[in-house]
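One structure, as structure tokens, below. Some questions next.
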Amino acid sequence: MAGCCAVLRAFLFEYDTPRIVLIRSRKVGLMNRVVQLLILAYVIGWVFVWERGYQETDSVVSSVTTKAKGVAVTNTSELGFRIWDVADYVIPAQEENSLFIMTNMIITVNQTQSTCPEVPDKTTICNSDSNCTVGSTGTHSNGVGTGKCVPFNESVKTCEVAAWCPVEDDTGVPTPALLKAAENFTLLVKNNIWYPKFNFSKRNILPNITTSYLKSCIYDAHTDPFCPIFRLGKIVADAGHSFQDMAVEGGIMGIQVKWDCNLDRAASLCLPRYSFRRLDTRDLEHNVSPGYNFRFAKYFRDLAGREQRTLIKAYGIRFDIIVFGKAGKFDIIPTMINVGSGLALLGVVSGPSCCSLLIQTGPSSGISCTATVLCDVIVLYCMKKRYYYRDKKYKYVEDYEQGLSGEVDQ
Amino acid sequence: MAGCCAVLRAFLFEYDTPRIVLIRSRKVGLMNRVVQLLILAYVIGWVFVWERGYQETDSVVSSVTTKAKGVAVTNTSELGFRIWDVADYVIPAQEENSLFIMTNMIITVNQTQSTCPEVPDKTTICNSDSNCTVGSTGTHSNGVGTGKCVPFNESVKTCEVAAWCPVEDDTGVPTPALLKAAENFTLLVKNNIWYPKFNFSKRNILPNITTSYLKSCIYDAHTDPFCPIFRLGKIVADAGHSFQDMAVEGGIMGIQVKWDCNLDRAASLCLPRYSFRRLDTRDLEHNVSPGYNFRFAKYFRDLAGREQRTLIKAYGIRFDIIVFGKAGKFDIIPTMINVGSGLALLGVVSGPSCCSLLIQTGPSSGISCTATVLCDVIVLYCMKKRYYYRDKKYKYVEDYEQGLSGEVDQ
Amino acid sequence: MAGCCAVLRAFLFEYDTPRIVLIRSRKVGLMNRVVQLLILAYVIGWVFVWERGYQETDSVVSSVTTKAKGVAVTNTSELGFRIWDVADYVIPAQEENSLFIMTNMIITVNQTQSTCPEVPDKTTICNSDSNCTVGSTGTHSNGVGTGKCVPFNESVKTCEVAAWCPVEDDTGVPTPALLKAAENFTLLVKNNIWYPKFNFSKRNILPNITTSYLKSCIYDAHTDPFCPIFRLGKIVADAGHSFQDMAVEGGIMGIQVKWDCNLDRAASLCLPRYSFRRLDTRDLEHNVSPGYNFRFAKYFRDLAGREQRTLIKAYGIRFDIIVFGKAGKFDIIPTMINVGSGLALLGVVSGPSCCSLLIQTGPSSGISCTATVLCDVIVLYCMKKRYYYRDKKYKYVEDYEQGLSGEVDQ
């Protein structure tokens, strides 16, 4: 019982701390202080000023809607004079973070379910019915083979297929693009952001933007950096590409919206920054399967009630809106951790290298490190018997020249 | 050679560990133990119980499909009595994590490619042909100017355009919303989740949900929290908004599905939690360009084979389904690291503040720290000569009063 | 003033470092070295070789486009002989990272706005008008009740509704799937990736792929692992499911593209890896609401100008393309940090356990730890008075047997 008590007393009333050699040397001391000065500069400069170590941070949550405007005119032999507006060239009508604008197309009108010759190709050209297989469907064929060899035009015969006839002939892409006027179309991007931790929300149509300004403005990085209406040609040009080149075979553009906000400053200073990038890399030397296109159809009924369709191979530019950013706001926890680490780094107390790690790690490590540091500070600087304890913890070593003989082991 | 051997022997057979001052003082010792008690409470309470430090965690991988149901009736002068079902009001028919339900619209029927007067506007109103430019296409115009000034109605003349005619007049949004009955439409959300690390998958249609329950249930946070069928009006109301207000000009709703699972417990306890939030912020003071709408068209052929279309400016609510969550399961690695750190924090061995960092860092740091700690534990507690080694490592310092003279430097 | 100067001098010219006990013992020394050897093996093996600790890393940014090819034939009583091509079975025509291919359907042709009997169901079967409510719209009804009870067929009477008539009867899904030939359709996935930090971009159509190879190749994990054209049947089979089963009721397939690149090696070795997974879990015991389907309509005008539509309940497979991966490239900062930590871990200097943490933490902690370590190295190994300082820092403890009496406290 008595032994047990002694153990408990020892457990409760003892405190241990590493013993330190204190070297009194100009060279070493100065070197040490220079290192500490560098650390101090790092802590203040990098951690506090640059990285804003006193702030809690949060990532952006965003919702995006888009609306295109503009009218184009085409005058082709197939369609005659024709006006194209938003409902014609935006396909599908709405997407979540994306908008496709058709800039070029191959139209095959009045297709019906019937039989017709295939487009000439090394696998479809034939001399007689024996070259054609009944029921064959290759990956690139437009229909199912009927087994007949029929004239495609005066000079060439191809295998006949049951398909939507006449079949599409997409051998030549119209150049320049049919809807080349799309360069002057405009795109309104409406973006609402939310920082959940700070319950801060804002939209890219800033409070000082009036309805009349919104009706007339066009984004320009220098003159109108906060106008959310973009000229398509300018988007592509800012990304370093040619709109007219891109319009022919299509492509994908990224519209990046960056919301980096310091919420310690006025909310009106939290502003979107726009930038543009082409997302489909163009490799001029290796131009296999370039651009962006897809097929869709508009279905009709003829007078006899039979289904007809207009097949459109649409080439165009898909605009993907990518929203990112983070917000910071003063918070006592990260501030305390970083101040504590900064002090520790400066060698006010033992264990500097250990505590320096805190800068990069989380709040919980901060708590225990601060505890240890605090104990030492209290013992060595605040208690009545501080000199006595320091005496025990530190061994003072004079430099050779100054007092080799004077030293005493403590 | 002999010197080399000596160096090697010294290298192999030496071990160093910091020297410690052990202070025998009630004040300091108790303070130290109180700090350690706080750390222990933190380790057990926060790291183990709250943060589940003994678990490996993984993020959710999810796939979502949605299906709306419901029928609405409109009776307008333009369209007459008309029934709207899913295929009419969901546009496009399917999206990846999103569903748009049209609640209001401006319909312009029987548009054809021809010429007609523009909608009156400060830029389109004219007195004579000299006010109108041939070939002009403004950003907000519906077509290409023909240069003529023609009567829009009895009192106003506007510039004529080649366009889809008659042009849309969207000056007034129908109020209340045409499809106001959409408040009672239902939305079935099917969500499959997967935790790759644990190869655990589950869907939000729980095993105890029968086909008959699924046919009749409606989500309610209190009575039916696991029914995956939502009444649209309830979604908007739970987010604190009015469905009928939102239906007029449209908006975006987020349906958040949270899957936080403790896989140490029964799989049947891993359940989805639903919450709702309006994603497009409504700022009543600054109401420039509110709501959500887009245009699409349905194309027809008239008896002469000319293309006609019905243009619809669709206002509605887009429901974005956002799935998030993480799962945890017991794993020996994080458990060992956290137990080790906990012990170190308690000062069983030297280097407490250092090891506390482990709680926040990865398994590899755990390995080396545990190694160091282990060495010290073995040397100071398990070896035969432990008292001898402790004697060398520790310097015992009695408190002033208790035995200033009794101490010996060691 | 003089006191102040003394304090400043002490501050500038002092350096402290923990005192160390150096134990000369075979057992302990060897144990310590073995532990260090394990740490060395860990540092070199895990940190450098496996985790590539000498590299800076970056996450992939990606854009995806898809294109399906293939033709199917159906021969049903409703539609007769009919060819289906891309524009018919891909709905909608384009999505951002996803593609839906219709494999089965229930078609209801020539629907018009009129009145007709509901599909028989326990809520719709009636004996007389008194069973039917005027204006009722249940969640599962196809229209608005007219209050009449009319014959559905010879034996059953149901309530009449104003709806798109005749109403869809989806009680039986066609088995096998109508477009079962979709198994042989192909899917071209075009994927551009970008690593922003290294400004490295690449596409999955590799430079050595020629146009003719791209026209004929089909992906196979063994023979053609870099062909970006996938047979739909193979995708489903590789994920361990049956295409024909999946085609009947639909489902969701994930196509995972992994780009893990070591940019220290040739760019041509940065290659995509494809894998496939079914994203909608199939639980055979609990098969409530299986598969994936949605409804859409094609709108027509009849000769009288009245709107008609063909309603299609489309069953099919949605292919979600999921791109992930990370790239690494040699960088001096992470290399220095990891080499420094490795040295510290080996106990060349004091504070091994502390520095080991660096491996997992960021560059800033590296800076200050390296600083401390450097100071000690210079003082104890490089300065003229190194033996003197070591004498003060270290206390040499011989093992019992070897020289208990020989030790001197220092």
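Order as written gives the chain letters A, B and C; numbering starts at 1 within each chain.
Everything below uses one rule, namely that a residue touches a chain if its C-beta (ideal position, glycine included) is under 8 Å from a C-beta of that chain, and two chains touch if they have at least 3 such contacts.
None of the values given here were measured: they were computed from a predicted structure.
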Both-way neighbours, i.e. chains that touch chain B and touch chain A: C
Same or different residue numbers at the chain A/chain C copy interface, by half rule: different
Chain A and chain C, separation of their C-alpha mean positions in angstrom: 16
Residues of chain A whose C-beta touches two or more other chains: 18-19, 92, 95-96, 300-301, 303, 351, 354, 357, 361, 409
Residue ranges of chain B in contact with chain C within the complex: 10-19, 61, 63, 65, 67, 69-71, 73, 81-83, 85-88, 90, 92-96, 181, 184, 186, 188, 190, 192, 194, 201-203, 205, 207, 209-211, 214-215, 298, 300-303, 308, 351, 354-355, 357-358, 361-362, 364-365, 367-369, 371-375, 378-379, 383, 385, 388-389, 392-393, 409-410
Contact set on chain A toward chain C in their complex: 18-33, 35, 38-39, 42, 46-47, 91-92, 95-98, 100, 113, 137, 139-144, 162-164, 252, 254, 279-281, 283, 285-286, 288-289, 292-297, 299-301, 303, 309, 311, 314, 318, 320, 345, 347, 350-354, 356-357, 359-361, 394-395, 397, 399-400, 409
